[in-house]
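Both of the next two complexes hold chain A, though its partner changes from chain B to chain C.
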Partner chain A sequence: MSKHDVAVVGIGQTKFRSKRRDVNIPEMVYEAVKMALDDAQLEPKEIDAIIIGNMDHFEGINFSELFCGIEGAPGYLKPVVKVATGGTTGSSLAICGYHNVASGIYNKVLVVGWEKLNEGGATTGIITAFDPVWERPSLAGALGPLALMAGMYSAKYGITSEQAAKVTVKNRSNAANNPFAHLQMPNITIDYVMSSQMISYPLRLHDVCPQSEGACALIYANEEETKKITDNPAWFHVVETAHYYTFGTDEAMFDLPTATIASKKAYKKAGIKNPVKDLDVAEIYEPTSWSELSWTEALGFCKPGEGGKLLDEGITLMSGEFPVNPSGGVLSTNPIGATALVRVAEAAIQVMGRGEKRQVPDVEKALAMGFGGSLWSEVLILGKEPLR
Partner chain B sequence: MDKVGIVGCTQTKYEADKIDQTYSELVFEVVKKLHNELGITNDDIGCVITSSNDFNDGRTIANMAIQDAVGSIGKAESRVSGDGAFAYIYGAMRILSESYDTVMVVSHCKCSEVNQYLVNNTIFDPYYQRHLGLDQISSAGLMANMYMNKYGVTEDQAAKVVIKNRKNALNNPYAHLQKEITIDEVLNSKMLAYPLKELDFPPFSDGAVAMLLAKEDVAKKMTDTPVWLKGYGSCTDAYYLGHRNMTDLIGLELAAKEAYKMANIKDPVKEIDVCEVSENFSIHELMIYEALGLCAPGKGGEFIEGGETEMNGSIPVNPSGGVLSSNPIMANGLIRVAEIALQLKGKADKRQIPNAKIGLAYGMNGICSQGNCVLIFGGE
Partner chain C sequence: MSRKKGQKKVFEIKWKTNLPYRYSIGKLAVKFFEELKKNKKIMGSKCSKCGKVHFPPRAVCADCMVEMTIDDMVELPPKGTLEGFTVVNYPFTDPNTGGMRPFPYGYGLFKLDGADTYTMHFVNETDVTKMKIGQRVEAVFSEELIGDLTADIPYFNIVKEEE
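Entry: the complex of A and B
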């Protein structure tokens, strides 16, 4: 499949919060980096290269990797590169790190994603991602398109607000088991979600992810180095990306075709026939409650239109056959440049069996998914053993 | 190392203000040209790596706007936020990892969209340095002054870099500034940041560059003149200017050493036939000679005076005219790679160095060579 097998051998996450006034950006990045280095029991000098992910417009720092890679991570006199693809930044970063090691160019790399949104403004930034003439006056930012998608999805398949609210209830109560999660709401109810403020029909306040500050760092190694570092790594089986039209509205927006394209390719390469049976857990990037239902369809966990039913039957609950987002997902924690990397980190944690209260029993294979851009998807599968 | 080959590359003409084209259209122009030149379709491209910068484009997720132009609908695209040389190496890694047979690498920059001095000010940290008003001009002035002071390099010697590169640009149909200039014009141009004057700096340009990479057997099928990656080194210097040794480009020196080691190069002047480097100001090119080991530290001035880096010198540097002639900032590194590819393919027309077999491309990120990427290529 690839020239070298690549494993996650060290993981670090900050506690995610709405504001981290106690630290500046490099200090926040350093927290996650230090945890990952300690986890892998590596010295900074043992890292060959650093891959950083951050949406530099959101904090207003150009070449933020040259700042944080040196001041918050051990990048001095090492290769430092930044990958930035919007919401998918974290997964694009995870995939870039994979190719750095799989190619044989580097043996051990540090992958870091972060965002500190109170130092800037995410929406101000995201609006400029859209075409200044055609899109910006009508459909810019994150919320508008996501509301449109939720509305079209619900109209096509008859998904109800109550079914969507159940996603928030599931994920935010899962988050109570995750010490790093931002919004931990063990006692949240469907009524509470459904009576929250309407933001953009049909999305209410609690149908939508928060904005969080924090960083996530992973260390990858090749076969030989992995053996030296740990006897409990999480191996990458496959990494896949599917992008889409510049104008997301060039196609109907009731579903997410890129997740279908990327996951089908990934399942084929990883020998997955039935994802719900062959995989044990998924960490997916659901920016809204409605999108988790829709994405579970697009990823082939159920048939189109049956995302609501999948959750109604309890399959994606912690106690279900195929738990989705044991960490609490994006509805609980959303540090944009790190969000999709947290999915990969949490999938690795599940494979390693280190999820403590959020651990799904006997995980052999886990899926992580990133979402962003103009309806882009990235799918990564990790396993206890290398694929070959 | 397995082989990664450059199959072909295309460029736009670089100009000050391509007001008739959006940056997506610039990208489409080079992608379409690449398809036509190589006789391929979008189906022949495994995945796409782009390089751009949200600040330079004035757009967040700047690669979102070019998805249609690069043809990555339902296909994998990823974006290095930074110089094009780093996108090249990420593209090469995707082939070396045996994940893709072909990768298209594209870089663009439309400097005319945004005030580039303000953009460069945002490279400095928001807590301590940014409000001092530092940008690429003032920081280059600091570096040039310290360097000249330490080594006794003169303004005349620096001006020779500008003369050389502008003269070379006359042979490059894509170059932005195509007008020969005299040493007096350089020395008498407006002082911007002592000791650097207006003509010691490059223009701002709009443009794009595209390239197709392929694994060995595929590359050989697609072209008679593939250009192979022989060496790569990357190294990042300190962030704060005050933490750096401003008189020597340490990051570049270490990146070059690594690349030479991989390419088994002992004596760069003898073994390398041509260099394309990202020189952001006249003195910078002299410092680059030294860091690349083409001459001893402090001897960059004498090196250019001896004519060593002229078109007919022992190691021509920037036959294309370099950044001092064309400066679509984020694309500079990938243009360097493309120009070396043309040299090694023997397709550089009037700027061709005879019998060029080994070439070096240098791309950089940030202020005063903070992030460095050195690539060595070989023909045959």
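Entry: the complex of A and C
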């Protein structure tokens, strides 16, 4: 068990957009960092260490720790750790920050993730994350494999394109309640999604996440420091990581077994018997509409094959028993290095009751999930009180 | 850079840079490419402890933490069964060539007969209505083999009838 309880005590995120040509990377990182520091009412000198992360080869900029050390995040003359694990970068950052405080090494850390996706090529960058000889030649970034997974999922369980389209409708209309979300579409319809261009069967344009630019920063503190900062923190209950392959095709893995492994461990440690009943809300990493249906199964929110039914019955809607992605999720906002950290930030926001129009009533416990290009999964659970 | 009407021109500097890299493929992959080039053979590697057959060939069985050498390499037939497929229909720069990847293209996930791991490759079909999970696929070899995966096996064909 951890030596210290760890809480989120400050949150900052930029308004995510397709392009942020008005700022360079450190300036964009600074916006989120300043918001988080102001939120916690802390000065840079009060932060013990900085955990930073993005996928810098996606933009072809490979020395981001240098310029984020001084200008962007207040890392100058402080311990800095850099994390880059693909799509999971944000949740790996969140977990790395947790370990640094839970272990007693630091009292207060700043965690920041970002991406300026439209300054590079995400698909090209993602391909470079795979084996140059065996995997790169036919790999088409993330969407090709996600299309394979969607097709296999559909074939196995008879999930329809219409059921998948409902996820986009749910998430992008939820995004209209989130002032930071990139694609806010309050009037989006199933027909609009289903008539968009087929980009990789069965994925249509609006079945997939956008490319976003922006940053997200969180400040963590141990129990003693948290008391001094806020009476409304979000406490970490558990953090879990699971990954089990080297090549993307060692196993078919269409149903993301790593999410099942990580969530089962997390539920056991956090005393969650039935996630839909014992948790109040989830922010999951759904790169495609089909993934959300499949991964609500993998995370144990319903039985295998029942992801479509779960949404059809309205359980994961904002008005439902267990809302999934009130923020609009990844289908609305995808700044890769920040994407999974936004899930953690939004879970913390729900626990703190600070979600305004996107707030789910009476949240005690929230789940955040990260997914990475190597079919990794990370699961974090946060609560209003420390885990006892 | 394209810009919308009425939008101010953005200050922009363009660089075009070549960034060459080398990549060491490992002994088993060297053997794979030698066999492909000289003998038109597809080789995987078999774990001496659990018997799992890995394709592409691997130097360590992750389940057993047992090393595999060239002596553990086994020939696999150029045929397999389609587990998943899609038709990639969007533009992007291919980091292996620096140019745009031609599209649309068929992309499949399959196991070669006798292999225990999956592999992915181009499939010579761009009409999804003609593709189905469970279909048999067969490697198509180039006439001249040079020891390069996609040059020597540009794609797999969907086999219409099982012989």
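Everything that follows uses one rule, which is that the second predicted complex is superposed on the first by the 386 of 388 C-alpha atoms of A that agree within 3 Å, B and C clash if a C-alpha of one lies under 4 Å from a C-alpha of the other, contacts with A are read in each partner's own complex, and residues count from 1 in each chain.
Here is the rule we use: contacts are C-beta pairs under 8 Å (C-beta built on N, C-alpha and C of every residue); 3 or more make two chains touch, one makes a residue touch a chain.
For clarity, every value in this text was computed on a predicted model and none was experimentally measured.
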First (chain B), second (chain C), both or neither touched by A:102: first
First (chain B), second (chain C), both or neither touched by A:128: both
Contact breadth on chain A, by residue count: chain C or chain B: B
First (chain B), second (chain C), both or neither touched by A:139: second
Touching partner for A:252 - first (chain B), second (chain C), both, neither: second
First (chain B), second (chain C), both or neither touched by A:81: first
Shared chain A surface residues [contacts with chain B and with chain C]: 125, 127-128, 131, 245-246
Touching residues on chain A, where the partner in the complex is chain C: 21, 121, 123-125, 127-128, 131-141, 143-145, 147-149, 151-152, 155, 197-203, 245-252, 254
List of chain B residues in touch with chain A within their complex: 1-2, 24, 47, 53-55, 58-61, 63-69, 72-82, 86, 89-90, 92-99, 119-120, 122-123, 125-127, 232, 234-239, 250-251, 254, 365-366, 370-371, 373
Touching residues (chain side chain C, partner chain A) in the complex: 10, 23, 25, 29, 54, 56, 58, 62, 83-90, 92-96, 101, 103, 105, 107, 109, 117-122, 128, 133, 149-150
Chain A - residues contacting chain B, complex: 1-4, 24, 49, 55-63, 65-67, 69-71, 75-86, 92, 95-96, 98-100, 102-105, 119, 125-129, 131, 239-246, 257-258, 261, 372-374
